[in-house]
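Note that chain A is present in both complexes that follow, paired respectively with chain B and with chain C.
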Partner chain A sequence: MALNYYQPLFEVIRDKERCIKCQACARQCANLVHSYDEELDVMVSDPTECVDCQRCVSICPTRALKITDNPNTFRRNSNWSMQIMTEVYKQADSGGVLLSAMGNPKEYPVYWDKILLNASQVTNPPIDPLREPMETKVFLGKKPRNVKFNKDGTVNTDISPTLELSTPIMFSAMSYGSISKNAHESLARAATELGIYYNTGEGGLHRDFYKYGPNTIVQVASGRFGVFKDYLETGAAVEIKMGQGAKPGIGGHLPGAKILEDISKTRMIPMGADAISPAPHHDIYSIEDLRQLVYSLKEATCYKKPIIVKIAAVHNVAAIASGIARSGADIIAIDGYRGGTGAAPTRIRDNVGIPIELALASVDQRLRDEGIRNEVSVVVAGSVRSSADVVKAIALGADAVYIGTAALLALGCHLCRSCQTGKCNWGIATQRPDLVKRLNPEIGYKRLVNLVHAWDHEIKEMMGGMGINSIEALRGNRLMLRGIGLTEKELEVLGIQHAGQ
Partner chain B sequence: MLEKEGQIRIPSGCAISGFISRDGKRICGDRIVKSISYMHDRSNGLGGGFAGYGIYPEYKEQYAFHIFYDSNDARVETERFLDRHFDVVNLSRIPTRKHPNITNEPLIWRYFLTPLPTKLASSQLDEREFVAQCVININDRIHGSYVFSSGKNMGVFKAVGFPEDVGEFYRLDEYAGYAWTAHGRYPTNTPGWWGGAHPFALLDYTIVHNGEISSYDANRRYIEMYGYKCNLLTDTEVITYIFDFLNRKQKLSFEDIAKIIAAPFWTEIDSGKYSESEKKKLKYFRNVFSSLLVTGPFSIILGFDGGLMALNDRLKLRSMVAAEKDDMVYLASEECAIRAICPDADKVWSPRGGEPIIVTLNDK
Partner chain C sequence: MKKVYVNEDWCLACHLCEYYCAAANSGAPNMIKAFAGGKKPIPRIKVEEGSGISFAVQCRHCDEPLCVKGCITGALSVKDGVISCDESRCVGCYTCVMSCPYGCIVISEDSKVIQKCDLCVKNNNGDPACVKGCPNKAIVLEER
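Right, the complex of A and B next:
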């Protein structure tokens, strides 16, 4: 008999008095944790495959279920944690690279939580968004260096292609393939209703969604999946994906199990084949090559669409951003190390990249020092968890934020971080038709709209407290921020003062 | 020890007043002193100042620099700098009158300058930009030296004290100009530094301001990309630079600048009250110069060569009154300051938030 070197992470606790044996849990669990034993007339569970997605807990009509951490422990060791030991056992079993999903869950500092906001008292009145106008509209794109005048002396209002957002929030790149068609439809419809944008990710665009083109950012990644003329022409903007916060230095990764017929058509690749994007774009080995791709895409879209360049937040992000700002790109998107993913090597997800707060602060400052901050807009991602994070990001210098994980949470995701298995019980990160249909886009899009509306209102409340009635007066307004419990060096990088100063 | 202006950002409330004779009649400086004195309670004795336009007709072709020095060393170093860059047509101490309420004065000097043609040519800058850069250089680099006035045929006079005392100290009754502005300051936590008093000036632009802008750091970090250095950390300084940038460098009219600094709300832009081309322009401004939108309460009077402009924040969170009498236009935080020197105005009104009042000389 084989030895079990490691134990299930979770324990299923069923209250037998509450359980009515309706078997809903058994039907709902794609990991086959629950089953009904007819002979003994009992519900049984095997937690081995449980990922703690909370689907069974949520669906149980009598609230008879709880998933908890497995109380079984290895002998405690501050150096060799149970997780690290388990990973060693797994790799000794399989000989493979460890895979994970979603953002870096480790206990690194979350700088958003170490920054506090200002409010007006006495010398300057706070403003109430329920009584006074309060504005959150933003534009993304390149601004002209100097005002030009027409021959008759009037201001020439021609401007580089621009994205107009009703509020400074967009849905991050999540490919069709990594997430389901219903998830994509929810995002597309919500973006349209909200007057913002969602991002196709690198998996192409399903034909059914071309109608949402005016609110769609189409992505061009190193694998070039699904990139062709119609695709580029349909989007409101084109994003070149150079990197991703969850896995800087490597390309996209979609397991073959998720590549079914529609996905294969949309991506223009064979069914069942792993879709692994190259780590670099093979036509971009340097910054001057990026410039050529930026202008190729501008040519292909007749200079009508802004070009976004998305990079992962890495150590020398400020210098890279400065190069991108001079490459002709209209918008830079920076993705922090907490950014989500459908699949990434665990070691890379957990150890590569830097926090978005620090990356944003140094990029914004560098672009200003070089006098080129108006050449590009800056969008940040990975991870923005609440309206307070949005406000802090804008005050540090971002023009807008991308939200990915928060959007998936709105659709039901419980962050079990198992997207790579393709067995998402919430119908989000799966392609199995029986699972996909669990996510109703009609409901999904409304939940996304609700979320963004709620955040927008909270942003206005916080701005009003600061006596600011338009979001542009908040952008880069670091005097509105104070650090708490930060070192001199951290404050210096963030460009803010400590609380009490 | 308390930090002084520039080491710390200090919010302050204030009183402002100003007037202009559209016919260009030269009016004695004691009028503006009288006007501002009626708003005594809006200041707390920690700063007062004046700007007069048309006061140096005998030197109207030269840039008049007014400089505070902390020490003779600073003066010597600054004068070396001036000699390298300018032809110094005249220099002297600014005449003052001892006043019991005005103490701790720095050395206060005045220079009438013309840029050296060779220096100017080799800098490849236009004359005004050359002068502006020299001012920013001195203020940023020479310790203990502060240029607080640098335009032609105009001058700023300011100090720590109540404005009426500052006016007497500088003997403003001996000057006459076609336009004057004044400021009384109510800072909340400063020992008071002469350079931190208002008006703030660059070239012929002067600003007196009442308010505390919530957009300060957004505005500052934007404008500093264009070679300005906000050394004082005051609202007035950054607003002056914004005007200089938009008017002198971007060549936008004062009407258009008001649409940037106190931009109409989107609901108003989309309300149908503007023509299509005006709507396009407003949208263009709010996109391109979004970082120059000034929020929070403010009322300002901008002085410039040949005119005055008054502007309130778009919610009108600070008081401002205007009045007209014959060729005169008066602007002030409170009506009493106008009534004090013009008891029988033809028209008195409160300009709306974001609605500029721009008055220029009839022959300009």
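Right, the complex of A and C next:
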């Protein structure tokens, strides 16, 4: 276009004294930002398509590159920010819905950062996790209301099927299609080695990954992609996806261009056909309908696998969760508004849903008030960024957490939030074979294992500090939490006291 | 004996191995200095690519090396399985360059002698520079 209404977001800064013209940046950039001019023997860059994924910066052997914000500014305006103006220009150009990826980046409050943990002093001594046993194992599923014994002392109570986790962390649902096969393999192998679970997402399960079945949660979403007998039987649990934190109330759309041979086989749809997940499940319009699907899946899996129902955190999440607990589901997964996605309409991602911290606190309280907390386990997702967030989530009442974005970061993602372009330079959110091979699962799975091990150590350290040696004793233990800088109402919803109280 | 192997599944054709190799054997203390002032030290490893496949090739350290057999001055020799070149004895006849079936022997910048991969045993690099520098673990040093 002859007239550029908006400018590139980033600028490439190359230190010419450090650059050895090895052209690694040019060879690695799928957005074709860098190139080598043979005639002039110089490296040149055009930042127009740069997404600040940091791949070139990371691979440069002499650290000659920096990507910075473009210092060019529109006339400052607190109401009409440069981003808002740029979005208007883009829509005036294209006439289309704005698309974004990964979690909501807006400056909403992060409640995790406004909650502080307790530690023991004097009367209730802390525990040293390096010297004393510390338990982070959890079981997800229904817990019996009471336990009956036979005369010989053996237990005479039916225990519902459960998932056993070595540490209360699982990898969130990310479909094959939205992420690459190598990313899936990294997650599957890491989950197997760690004794936790990864989630297939709604894209079915590639034949090569059936061997990781005992550590796989298979998802059934509104598009029903790749759902058949073997799929359900292979997973350790089945998750019904009702909603996703990044885009509550809407479905999904994987463009036909990404439906290559392998993905078409796995999803069981024709090659090149758009994979459209409807916004609702067309057979679910009530809790009774949900109950039918829950029991259909239980029937199909001979009542041997727990059924998870995943919902987005929305305004009346507590009432919805109560309904789900009564539908026969074993586990409720709640995804907060900062949860990631491979593509979502920007306006939905940035404006719909509520923070997971508040949703979790109100769901746990509601289920306890109704006396049905034991009927379900609660798993939370939507931007659990560190082991401290995990500890706070458990103390607010969660049984375990799902991590998606943190897991992708371990695989190299730098949150450039451009997954929807399909040109992920890190080989994660792409199906282009030359890009997919950049993620070597041998490296990827070890980095995931390292991450979860590190978090597990830190969880134990924080628990030890509180004088708690079992994660079970931390669950819903809101006395271990204090708010800082929160209003009376926020404290009430979170069910915690203010620091100093 | 541990040798350098390449797994083409993970080779990204970034060519960084060539630059790490050239810098490690240049005698310069770091990569920037090795290439300073437009210098272009020649690597002993080369990425071959085409039709969507790429892989790095360097000396295979053959059990029965044709290059050593053909060397007219005894500059090329095998020690502990590593084939290396004594540059003080090389006369630049390039017989080895022609006899190597993998094309792994290259001619030095001043065209007087040959140079080849010696698994970085002669420089201060420790493990081979290509193995250490590969960003995707496509190049490995292992026993097979």
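Quick notes on this one:
The rule is short, and it goes like this: the second predicted complex is superposed on the first by the 492 of 501 C-alpha atoms of A that agree within 3 Å, B and C clash if a C-alpha of one lies under 4 Å from a C-alpha of the other, contacts with A are read in each partner's own complex, and residues count from 1 in each chain.
By definition in this document, a residue touches a chain if its C-beta (ideal position, glycine included) is under 8 Å from a C-beta of that chain, and two chains touch if they have at least 3 such contacts.
Quick caveat: nothing in here was measured; it's all calculated off a predicted structure.
More chain A residues lie in contact with B than with the other chain of the pair chain B and chain C. In the overlay built on the shared chain, the residue A:Val147 is in contact with chain B alone; chain C does not reach it. Those residues of chain A lying in contact with chain C across their complex are 17-18, 20-24, 27-28, 41, 59, 61-62, 433-434, 437-438, 440, 442-443.
By the touch rule above, chain A contacts chain B in their complex via residues 120, 123-125, 127, 132-133, 135, 137-139, 143-144, 146-147, 149, 154-155, 157, 159, 162, 368, 371, 373-374, 397, 466-470, 472-480. If you check the complex, the residues on chain B that touch chain A are 9, 11-13, 188, 211-212, 214-219, 221-222, 224-226, 249-252, 256, 263, 265-267, 277, 280-281, 283-284, 286-288, 290-291, 293-297, 314-315, 317.
Within the complex formed with chain A, the chain C residues making contact are 9-16, 19-20, 31-32, 34-35, 38, 52, 133, 135-138.
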